[in-house]
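In the two complexes that follow, subunit A is the common piece, with subunit B as its partner first and subunit C second.
On to the complex of A and B.
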């Protein structure tokens, strides 16, 4: 087992939400999560909308400052990096967003978007810049024809490849993929996923892959963490978690995945109610109001810790 | 493809070809804009009127028959003559050629319009960017001051300012510029606010772009369309406002050839000497119409989402 590339401890983010006139309430988007990414792995972070996945990504990218917690990247505390050190960090951690169209400046050419990190960090210009941009575009499978096009002239898959090109232009170590395929057509999704898998091997990358699509995570990732209301409830190797989930929430999630056959097997666990509001997180285990296997008062009063279990798994449940 | 069979390609041609390759998409977009614009009759009328008046601004002094009539000459023997072959728009109460004064008045009006709109942009756009991107108390201060200005009708406020400063063309420009900038703050603030949270701005921050780079490469280029549209509309409105100030005697002073002031004096000679007020009035009407149609046309091609507003 190789050393952790990125280690996150107790990462927490609160948002102040205006609620009526001059009243503020606190929404807990991310609630003290621990996470360790090993170099070279693909870690999938799954959860429903609003479970705090993207907030985690934005904090790791230092686009959003955490309310509490620390982040350590390659032995260096990056929680409060500033100036030159932050610039060095940005070379090593990059992100691809969900919506490829909105991630590209509509008034700038593809060349500009891909060249931007190279201009900022490497000070490249002229022919050197042009060569490097063409090289990066070639890595993602786009020809030089696209250099002077505008985003609206490209298809969704092509735009996402441009975003990936921009993200890998500086040879980062860690690539955060924030639902990179959910805005694409299904046929293009498969292409991009295959390409991402191939890219990871070629450029020796580590992925933090954020998704709500379990089958995509199963296809691409080595380990998976399941988030519910800002907390990680279960973590482990993809094969293990998907074949025998321990946490009741993971069990119900997996039972909801449609299978490619006409008659769906029985035994689907249907949860009642909606995800509680992050402004009023339930006491104890956040999942207890909807849990089909709640064992008693302990679930309502005591927050379960993310305990280690055999085979490198961690589960936060009183069961 | 040997060098012998083809004459050597000149470096100029090569540079041009490279430039065209790089700007191919942009050129195509421009052609599409031009095509869409030219298909709209009202847009073309607007463009034609604005171009006509710009021609008068540039060529005015050389095409008018009596240039000295704009600077206060007196020919009482031909005063208040109706339109004729010598005096197309007739003459005024001191015998000056109204055609000459209307054409030269174009310069005055356009100067006022350009200066007012430029000052409004120079003040309003940076303030709007600051307010939109900063948030917090700075935004509150800028926007509340803007609201105070916007809550008073612009012309009324500028009237009060000129009344305090004293009548005159410079004071009129100053007063109009002072009431004009808040509109740009509002426009740019809302635009910057929505652009700030766009993923492409986040992506730029993630690759390490600093504030100046984000403002000049990511925010401002995406604000150009609404600025161009509003600038065009405002040219017409500022010219109208300046003429209004001139009309009530607070703007340009006679014998300065300013349309509003001309209408104001000509009013005393209505209805018998109708040509005195009519022709400057038509000039105002056509310029304002031209800029408004042009602005509408530009909005249709640059900013089609806001068309229905």
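On to the complex of A and C.
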């Protein structure tokens, strides 16, 4: 096992939500998660909307400050970095967002978008800048023809490549991918996924891959963490978790995916009800009101801890 | 074919839309039929014409700029290709009901669910003679009945809720309830679960399937997700750039896909069981429909395309019974 590139302990984020005149309630978006990313792996964080996966990403990027918890990146505590040190951290952790169209300035050329981080962090200009931008675009498979085009002239897949080029321009160690293929058609998604796989090996990257699409995570990631209402309920190697999920939530999540094949497997678990509001997280195990395998009062009163199980798996369940 | 008379039959339907840049040849000779009680899916990527096909059929595409170039649409024995607005209005929302992707967009945020549902019921009543119209109390009862039909918990209470108080899955149920108000013969579901989470998607898919069986209505599901379509439909129609490339039973399509595009699409899907080692992507991009490729619209991206493919539009041939393929190479049972 290689050393942890990023280690997160007890990471928590609360949001104050307005609720009527001068009243506030607290939404618990992320509730004390522990996570360790190994150098060179692709870690998938999956969960439904509102499970807190994007909030985790934004905290790791220091775009949001955590309510509690610590984050250690390459041996350095980054939880409260400021100024110069934060600038240097940002060179090493970069993000690609879901909608490539919304992430590119429609009034700036591709050259400008890709060059901006290089100007800010490296102070590059002139020929050096030009060369580096061309080099980076080359890495993502776009020719120099694209330099002076505008985002609207590019297809969705090409735009996403530009976003990836911009993110890898500074040679980051960790790339956070927040639903990078959700806005793309399947055939384009296939292209981008294959490309991301190849890129990771070539540039020696570590991925934190956030997605609600389980098949995509299965395809790209080495390990997976399943989130429900701000907590990680199960974690382990992708192949193991997907073939034999331990947590009832993971089981129902996997079983809920309609498969592109002639016969749907029998015995599908269809959960009743909706995901509870993060403003009123159920007591004990957050999943107990919907759990098909609830064992009794202990699920309602006691919060299960994320315990280690054989084969490097962790499961938070009383079962 | 020894099938019952189709409920909806679209024949050689071509549609064009005038835009500032030129005339988009959006649909090119679409053939599609749905039998009563049948569940059919249309799949294809963005811009292949799945939504515009059905919208145009129910008269939701304004003309101009759209123009039906050729073909006919028959619904329940009537030709509705050039039916006037009044005729279409009696069919749309009544005999053909629709639900869409984003349920919030289709509900008015300022009115309660009950008010909107009652409005729909009343609007349907207005098409009936005075004597058959419902009074206030039975409209309320009908609203409750519709909500319980879509398994919304506490239907009486939900009637007083505003759309923002409901979750995405519940809103979609409300829209389905509205669609059922006219006891439709055909339900068109345009990406019904795309905005929903997987566990909620599973609930809605189950509901649609259950309604189809219980009420005997036909359903046409439009989706970009082959999994969603496979879960509900008996038959799948694959569209590419405004043409139907393959039309087969769900089983045949997944077990024995013929058209190169269908096979490309299937090879591009990451699998949940990890059985796909690497994903194949289809080279190139979807063509510009102002000046679509001559011959087969897929030929510039097809690895197997030959001279005929560049010249002539492939006819849709029935290779195996009920398995239609529009391809010069794989149509008609070859390959």
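Following the convention adopted for this analysis, the second predicted complex is superposed on the first by the 319 of 319 C-alpha atoms of A that agree within 3 Å, B and C clash if a C-alpha of one lies under 4 Å from a C-alpha of the other, contacts with A are read in each partner's own complex, and residues count from 1 in each chain.
In the analysis below, a residue touches a chain if its C-beta (ideal position, glycine included) is under 8 Å from a C-beta of that chain, and two chains touch if they have at least 3 such contacts.
None of these values were measured; they are calculated from a predicted model.
When both complexes are superposed on subunit A, subunit B and subunit C sit side by side without a clash. Looking at the shared chain after the overlay, A:108 reaches subunit B, while subunit C stays out of its contact range. When the shared chain is aligned, subunit B comes close enough to touch A:63, but subunit C does not.
By the touch criterion stated above, A:94 is placed in contact with subunit B alone, subunit C being left untouched. In the superposition on chain A, A:185 makes contact with subunit C only, not with subunit B. Contacts of A:238 after superposition on the shared chain: subunit C is touched, whereas subunit B is not. Of the two partners subunit B and subunit C, it is C that touches the larger number of subunit A residues. In the superposition on chain A, A:250 makes contact with neither subunit B nor subunit C. Once the two complexes are laid over each other on the shared chain, residue contacts for A:153 go to subunit B alone; subunit C is not touched. Applying the stated contact rule after C-alpha superposition, one finds that A:49 touches subunit C and leaves subunit B untouched. In the superposition on chain A, A:12 contacts neither subunit B nor subunit C. Closest contact between subunit B and subunit C, by C-alpha atoms in the overlaid model: 10 Å. On the side of subunit A, the complex with subunit B involves touching residues 58, 61, 63, 86-87, 90-91, 94-95, 97-99, 102-109, 112-113, 116-117, 120-121, 147-150, 153, 163, 166, 170. On subunit B, the positions that touch subunit A within their shared complex are 21-26, 29, 198-200, 202-209, 213, 217-218, 221-222, 224.
Subunit A contributes residues 48-49, 155, 157, 185-191, 193-194, 212-216, 218-220, 238-239, 242-243, 252-264, 268, 270-272, 274-275 to its touches with subunit C in the complex.
Across the complex, subunit C meets subunit A through its residues 45-46, 167, 169-170, 197-203, 205-206, 224-228, 230-231, 250-251, 253-255, 264-274, 276, 278-282, 285.
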